[in-house]
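Read from first to last, the chains carry the letters A, B, C, D, E and F; within each, the first residue is number 1.
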């Protein structure tokens, strides 16, 4: 193959992602869609920026484990184990701390502090995928039938209507 | 190894699971915890029973694709693709219909009809795991901080309090 | 990718396969050739119908473990372990019973009863393949040299000639 | 780990295997049972010796592809593809020729000549397993019911009785 | 399993590694030996610190691809493709740049500048291993025979003697 | 697929490779580039010929474990374990001896005797790749900066200049 350095290169993780949104967070994925040379190699990276009180909402990666390290700031992070235990495994991380989110489990990161926070994550797939729980459940296109979601979440259909009428932004880029 | 037939055997899928619960559904998993001989072999089965209007709520299998076939009744099924599209891929299934839920994606099955429904599913892992979204997000132990969930789902903390105070039963056995 | 529900769907397993053949059995495979969306996902299904005394002859799946569950009727099933032990692991299965046939091992299912039987199997590959021993050994195209088979099976060449002159139907569809 | 060279070493492939048996062949496997250091590494070797007219009978490796090279002599080799085609892929090999037997397919090697032949094979598993068709089908312990085999091979039960009463030696060591 | 947050946690990557050595570099690996929860999950991280003119010498990871991102400073990095081309794929990286070193290939990072540099790398194995070429070739224990190395590197045995008499420090921790 | 025997066949390993070169060795790889039918099957072979005092220099296979057996002659072989131990695992092999070189580790084979030697190796990939250390480090195209190599190998730049000016032949075919 006639590869060159550009096939293995990506630039721009030094520029903070735009966190000027209602979540106060931004994920910049560096996966096979950004670096063609990652094809079949089973790994990718992501940069996660947090404004004060910024949240990377509960989500899963359907094809990857994530190992995150905090570059700057303080993050409250956690994942929840599978049924039936659904244990929350939780930790407050400071700069230099590393945490693992095992493949397919729902996890989140929250910047409780009043300063920015930055993290870098390695993911065990060149194409890990992201499923934000709120977006997939309440913001799908077309919508999931409200009677299904009302029963699933044990709330009135009005609550589901309200949730489905929201704009569910995606902070992954 | 001194194996015998019992190491590869499980019985009881002819008995309908108990759907006398608020979800009106029951999942009987036949995985490596039930059949030791499945160890390392990359497959398992599940029986899913539905009372009328029974729901198998939105959930994921963190380590498996699922292929479901309807034995009896009618099921409304769907899965949602990853960010950013979050497309709902939806189908009404009758007896003899087969549907695929790709690895790690959020999916559900709902018996809209007034008769029982039964499905059998193959899963591409001897230990696929189940994560029911509502249970993991609102019923974890300990609970996820309500301010995180309020921000994640764009609702008032009171709604989160209400959701977290529910009993989130697990219909997987 | 611009997928839709049809890419993940197959119908027709409610119609009994045609067992009006000398074996009294029929296998309907639902693999990646039937459902394109199974590509790379590592799983498929099969429906197996048996007339009274119907037999699914000794065969292997070169790329898959099989987990079978009996929907209706009674099946005598077994597999044989590798050299040098060649142990027959055998079980009589009734409706609701589940049995595992590990990857690559020779196995069979036989309906000893006088009623129909039906089974559904999950297989740990989207393209498991089927090798019926009799067909591959005695019905290949072109034929395996009769002197090789005579020596392999310790019988007279006339027996091999007889066997090779049979029509070896394939009950897999 | 405190490994040493003996963990990665096996000796003796220079001594011809004992082909003084009714098959006129001998397989010496060098797998993880012989070299502990092969554990998890996904490869093994085998030496196959043939007396004149020696046969390595139709068999499969349930967990491995085989790549064979002839060191000495002439071998008639072949494998049969899966259902429904069951094509015999056949070749006469001389010293220095290489042939591939894909994972799980039934294959054989036969020394048609009046001189000894020797081959070395690489297998894509540290524990490939061997299933000799005749031994597994007619020499299992306990035996497969004769009525099943009579139906499977379309012969009289007497032929099955005869076959099951043979001594099915195993030429794998 | 009775896991807790400590099984998925490591701290200390905020403290610069000790680069006060002749290489002017330090690698802090965060693999399954540091975080037990990474077991079987197929990923790990490493922090690499560089003093001015610090070098992370040519090395390979026998079981992993590496994706590196520069946190601070400027690095000259490269890898060499396999025989017969042995192309050097080379790039100067600044803060925020990402580069891929495919599995098993020899690669290096050099801080040409007069300021410190810091990089974080994701690796596609929980136990990637490191083989520093100079240490493995000239600093093995016991030593490789000097006549072998003299022939391999086309130099006089005195050069090999000199090389083998050096202290080959390991900057991986 | 419309395969035939030629897709699984290669000939010529009976002809000694040309060892009339400064290394006195020759590697004939039989991988997916030579046999298309090996695609995805995870195995390949190589023939290695040695003139007296012939050397197969220190090299790695980035994607494969190698299992070598000596057909003729005597070989001194070894591999070096990863950092920090860098233990040389060493053995003198005679005809019929088998040795394992685990995936990605630097290894070599040397014919110390005054007669030819021949070995056959199985490799656990259809495309294992070869990286000869000397060629990749000192013979890359373009060259690695001499100051980097001088620092990496703790020698004067003149030594690096000398090494980089050599012709680094590749004995792999």
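To be clear about the criterion, a contact is a pair of C-beta atoms (placed from the backbone, for glycine too) under 8 Å apart; a residue touches a chain by one contact, two chains touch by 3 or more.
Which chain is which protein? Per UniProt: A, B, C, D, E, F = Germin-like protein.
Here the structure is a predicted model, which is why all the values come from computation and not from measurement.
**Q** Could you name all chains that are in contact with chain E and with chain F at the same time?
**A** none
**Q** State which chains count as neighbours of chain A and simultaneously of chain F.
**A** Expected: E.
**Q** Looking at D-F, C-D or A-E, which pair matches E-F on over half of its contact pairs by residue number?
**A** C-D
**Q** Counting in whole Å, what is the centre-to-centre distance of chain B and chain C, each centre being its mean C-alpha position?
**A** 29
**Q** Take the average of all CA coordinates in chain A, do the same for chain B, and state the distance between these two points in whole angstrom.
**A** Once rounded, the distance between the two centres reads 23 Å.
**Q** In chain A, which residues are in touch with two or more of the other chains?
**A** Chain A, residues with two or more chain partners: 90, 102-103.
**Q** Line, ring, star, complete or other: which describes how these chains touch one another?
**A** Topology of touching chains reads as a ring, each chain with two neighbours.
**Q** Which order do the chains take around the ring when read from chain C towards chain D?
**A** C, D, F, E, A, B
**Q** Quick one: in the complex, what on chain F touches chain E?
**A** Residues of chain F touching chain E: 22-23, 53, 55, 57-58, 60-63, 76, 78, 80, 82-88, 90, 102-106, 108, 110, 129-145, 148-149, 151-155, 159, 162-163, 166, 168, 170, 172.
**Q** Using the touch definition up top, name the residues of chain B that touch chain C in the complex.
**A** Answer in residue numbers: 3-5, 8-15, 30, 35, 37-38, 41-45, 47, 64-67, 69, 71, 81, 89-91, 94-103, 120-124.
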